[in-house]
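This report concerns only the one structure given below.
Chain lettering (A, B, C, D, E and F) follows the sequence in which the chains are written, and residue indices restart at 1 in each chain.
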Amino acid sequence: MTRIDGRTADQLRPITIDRGWSKHAEGSVLISFGDTRVLCTASVTEGVPRWRKGSGKGWVTAEYAMLPRSTNTRGDRESVRGKIGGRTHEISRLIGRTLRAVVDYKALGENTVVLDCDVLQADGGTRTAAITGAYVALADAVAWAQEKKIIKSKAQPLTGTVAAVSVGIVDGKPLLDLCYEEDVRAETDMNVVCTGDGNFVEVQGTAEGEPFAREQLNELLDLSVQGCAQLDGAQRKALAG
Amino acid sequence: MTRIDGRTADQLRPITIDRGWSKHAEGSVLISFGDTRVLCTASVTEGVPRWRKGSGKGWVTAEYAMLPRSTNTRGDRESVRGKIGGRTHEISRLIGRTLRAVVDYKALGENTVVLDCDVLQADGGTRTAAITGAYVALADAVAWAQEKKIIKSKAQPLTGTVAAVSVGIVDGKPLLDLCYEEDVRAETDMNVVCTGDGNFVEVQGTAEGEPFAREQLNELLDLSVQGCAQLDGAQRKALAG
Amino acid sequence: MTRIDGRTADQLRPITIDRGWSKHAEGSVLISFGDTRVLCTASVTEGVPRWRKGSGKGWVTAEYAMLPRSTNTRGDRESVRGKIGGRTHEISRLIGRTLRAVVDYKALGENTVVLDCDVLQADGGTRTAAITGAYVALADAVAWAQEKKIIKSKAQPLTGTVAAVSVGIVDGKPLLDLCYEEDVRAETDMNVVCTGDGNFVEVQGTAEGEPFAREQLNELLDLSVQGCAQLDGAQRKALAG
Amino acid sequence: MTRIDGRTADQLRPITIDRGWSKHAEGSVLISFGDTRVLCTASVTEGVPRWRKGSGKGWVTAEYAMLPRSTNTRGDRESVRGKIGGRTHEISRLIGRTLRAVVDYKALGENTVVLDCDVLQADGGTRTAAITGAYVALADAVAWAQEKKIIKSKAQPLTGTVAAVSVGIVDGKPLLDLCYEEDVRAETDMNVVCTGDGNFVEVQGTAEGEPFAREQLNELLDLSVQGCAQLDGAQRKALAG
Amino acid sequence: MTRIDGRTADQLRPITIDRGWSKHAEGSVLISFGDTRVLCTASVTEGVPRWRKGSGKGWVTAEYAMLPRSTNTRGDRESVRGKIGGRTHEISRLIGRTLRAVVDYKALGENTVVLDCDVLQADGGTRTAAITGAYVALADAVAWAQEKKIIKSKAQPLTGTVAAVSVGIVDGKPLLDLCYEEDVRAETDMNVVCTGDGNFVEVQGTAEGEPFAREQLNELLDLSVQGCAQLDGAQRKALAG
Amino acid sequence: MTRIDGRTADQLRPITIDRGWSKHAEGSVLISFGDTRVLCTASVTEGVPRWRKGSGKGWVTAEYAMLPRSTNTRGDRESVRGKIGGRTHEISRLIGRTLRAVVDYKALGENTVVLDCDVLQADGGTRTAAITGAYVALADAVAWAQEKKIIKSKAQPLTGTVAAVSVGIVDGKPLLDLCYEEDVRAETDMNVVCTGDGNFVEVQGTAEGEPFAREQLNELLDLSVQGCAQLDGAQRKALAG
């Protein structure tokens, strides 16, 4: 079986990671997973939120949003509706949490990094592209702050790397990195966030149709680990470039 | 090693499921997992949301909330703050999604069931208690609607059962059904929702500290499946009682 | 004439006051007036709102809310609608105001007590049950804070007791403590808050149908004073128990 | 004893009722109780809110607000804060409820009257001035709608008249129609709404300081009935003018 | 051609400026441009917003709003809708900006003046009446603050005067100070704010129908400068009175 | 004198107009005025808002927003703050109004076009870039809808073209197309929207410092007309390409 777009089951879409996209942000990346394009910026500010003042520790947080016409049908702006939807909240929290997993707050010092992930075009996998891109933007922002002596510690604020990918069961078959059309038809949908050394930071699997068995879960985990390893390679290449 | 409250690693807290707690709701359950107490009500209304009208299909949705002093420190009311927080959104969506996994919308007919899960007292595992209790409230509400001929189909609207439990790694050891003190100290925290026949509806694992390895994930999944099976027994007993 | 539920005109519904219902709150009461059940918690925090800092005086405030399915028909959550309705505001203000009537702020010291009154099941008289229960929770919270030396004054922070009851004219007859069915049919509806020594803290009477004459008002006041005295007895008994 | 402004205990402030103040509204009144000035407009629209459609009955509702600098110290605009405060809600509900007490919905037909009461300058008694003025605006709007044949019934839509006044105990003495300075110092504060034939539509008494005894309540009621009778005269005169 | 209300093309409506309308505000004016009536109050507070503290400079800001029945058809209250509309925002910003154009912040010292412009009755030109009236209220408030030694500088805080007028092209003809009926039919609509010495503070012209040519723009500017000069005279007369 | 970036006073920054940037929108343009980059999408839906139904006429509206880190310092998201700021409202209204100036609603038929202008990177002139880009996106969307027979009229829905540019007085000299640094220092700031045949759709000039004289206004208008003509050329070239 070939997939809608001709890929094999364990094949990622073309990945591009365009660093330094914005002239203002301390770190910025336009990342694409196929037709999914997310602009990730990392903004450094000295100081931390009130509840963390005097702790000597930094903070990292994230906000995710979609442009209204990033999708096939135009969605209402959350600013116009006056409230943020549950899905947006959930993904913003996921991005922040998974990136904090590789941050040494002490080494960061009392500085805050805000990661903004804005989906310019959506075609499935926006949250996994956002995490993968945000890591690169974060790495650039940290390097910038080290050079500017805003981060003063000798210890590395980033203790590892993270990348994320979606996997799912479509027509009974496990597939890596679902595009929108596959995502819609998936019986099970899973997002996995791994560190560069292959451990898990987050595993979120949901039965959209039939509940899934343990062996299916295992197959999906295998695929995702392999996919994250490839993304880890793409991140390293971008950061080296 | 014994746990804070004397349990073994694979032992649930005392579970009580008190059906018919409210005189108004079509289904209602006061469920407790140890000191965690959640009031789950299922409200049946004829008709469905606008986007589903004329489809012949029903709808099930859920809302989760905590009373301000259900926790150790009083939290602000979300109604007073004028917006719902990300965590509340996330859990409400989780409850709705996992219960919809065992609903046959056609058999439900154009009727809506709203599941309200209000935490009266919190001591860890509020979302898993909510799901487990909401299933029983839903079953009662469906039975009521069948008796009242509001549900007219001969097919069963519920295609299975669901229960949920938390698991986590505390001090390097996998534990079942974390209480609040354990939850706070857990390195990895996972919520698992299973059907009565042991398949997965939802798996959400998060590294709060160190990323977790595949074998740890496997151990947690084993524990959770076993815990859900026990909860399934408690649900059946309650529904039979 | 007997009433819907067999009571005489001047008879309260069965009253229960269950202290220490919550393990977290400094004071907590599950109070019932017949089928009306309200969970009242009193939360003590050291310090006062900004506008009162440095005054040496404490503060007491209250928030009232109904669970969505505490009523016969499910109501929307105010947190979901993003704003608090007028009725909720009005009752929260009433509860806070009437309890403050028996508080000596100086003796309380710069401490704040928040009274949360959450209606778990509604059958008429929720605001009067809330006030009556909140008094007991407040008394427990004050005692706790005295024992913990958070309240340091030798003077008693509570200068009296308060209890509240509804009265109304149904089919031309004055009745005490209306249940929901009576409340809906009442031509005049009145809520009265009294101190334990029989004076008035608040009197709110409304003509729902015909305007009422002075003699009817007098009869209602007589009934309410008598009812509050009985509730005062129930409060004393609960606090003694 | 004379009062701050030289009045006797049972004397109203100078009352003016200026009809037809606005060229747009179907009924409009600028009412003043001393330095308190409230602009009351009555807006007629054909049709009723959705929940009342097809009932053959009309609807009357009210909204109260204060201009930001109607008071001694500027208050924030509720539109800017994005929510209506509890006091505003409470008074809007009071005005609507008390005016509905003299409306025959059937005779009004499926028409809606919205009463807007905007306080241009506040000096105590804004809610009672608003009710008293709104009655006159409502009467004018009803007459207009009858003339325009929007109201078609031969029955009178207004079954009586309403006026309102504040009373209170200041320095132990019952006083009629409190100005701001008296209001601030009042131990007990009461607002009373009467019909033109001297019955009660609403009685709201609150102990701001000491709880009040039955005889004090009686004295306040006596004063208020007498004050409402005078206001009733002022309304009749204005409507005749 | 004569206009709807008999004016010539370059004629203002009758202008009245009633100073000291409110007993509370430091400056207050009820201004009318024909049937348009706006209550402008200027509130002085010592201190400035947080972002300006310690600068030695003052601040002036404005808020504009319309009473719900100031217009021919009742509009919803922005406080009830929970948000301020774009038009309100735009006009509030315009008023604040144009009055700040004649303020010397240093001379004002660390004091804030809030200008509230509430439209009591609307008949076109509400924003221009608001600016013209707000200037007078501001001048009175500044004088008050100088007398009270709240403003301590010897320099004059007001460096000039401002007035505003609308102009437009109706049926191909440039007209000054449009009333509502003219405004609705205007092909081009322009609001111009001038200083007393005839320079421009703000020019906002919009093609409501056909785009306008340079010569039309010139004619409108000529009319507006002439109109502002007349308004400047009315302001001076009022302040002298 | 040369400008910060070496331009002459009447020189635009480099303009690029990248059509078809998004795969989803019916029209989409990434426009840049120097370092200012705005993504403009035009979304076509059949049908019109409720208040326009049955009129046979279409509707065009616009929404403008900035990504949080499009600016030098990160700004809060309006969706997170829960309300749209005045500036955003004002610019959204401006874009919609100026594009509607060249729309023949009858020819458009009962279809709606929403123009979303999202600033990806800001360096002055974001609103003028947005208008200029939105016109091209609108033209593409109209052409698409004509081809799909969604627009059925033979008449052209676009009756002209629009482009916009900023002008201002910096250090006493009139300059065309201000970049951020110039904008901040400008004494007078003006945005002008012209049609392709050189007439005005909107003129908005503001004195940020000194009020401006008639001759300065004339110089700015001259510059802007010339700049708009160049932008008109760039639009034609892009649409021809």
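By our rule, a contact is a pair of C-beta atoms (placed from the backbone, for glycine too) under 8 Å apart; a residue touches a chain by one contact, two chains touch by 3 or more.
Here's who's who by UniProt: A, B, C, D, E, F = Ribonuclease PH.
If you're wondering where the values come from, they're calculated on a predicted model, not measured in any experiment.
Novice: Hey, what chains does chain B share as contacts with chain C?
Specialist: none
Novice: Find out how few touching-chain steps suffice to connect chain B with chain D.
Specialist: The fewest steps needed to get from chain B to chain D is 2.
Novice: How many angstrom between the C-alpha centroids of chain F and chain E?
Specialist: For chain E versus chain F, the centre distance works out to 28 Å.
Novice: What whole-Å value do you get for the distance between chain A and chain C if each is reduced to the mean of its CA atoms?
Specialist: Whole-Å distance between the two chain centres: 50.
Novice: Quick one: chain A and chain F, Cα centre-to-centre, how many Å?
Specialist: Distance between chain centres, rounded to whole Å: 33 Å.
Novice: By the touch rule stated above, which residues of chain D touch at least two different other chains?
Specialist: 82-84
Novice: Could you give the sequence of chains met when travelling the ring from chain E by way of chain F?
Specialist: E, F, A, B, C, D
Novice: Across the complex, what residues on chain C touch chain B?
Specialist: Those in contact with chain B are residues 22-25, 28, 35, 39, 41, 43, 45, 63, 65, 67-72, 74, 77-80, 82-84, 88, 114, 116, 118, 120-123.
Novice: How about chain A: which of its residues touch chain B in the complex?
Specialist: 83-87, 89-90, 92-93, 97, 101, 160, 190, 194-195, 199-207, 210-214, 217, 221, 225
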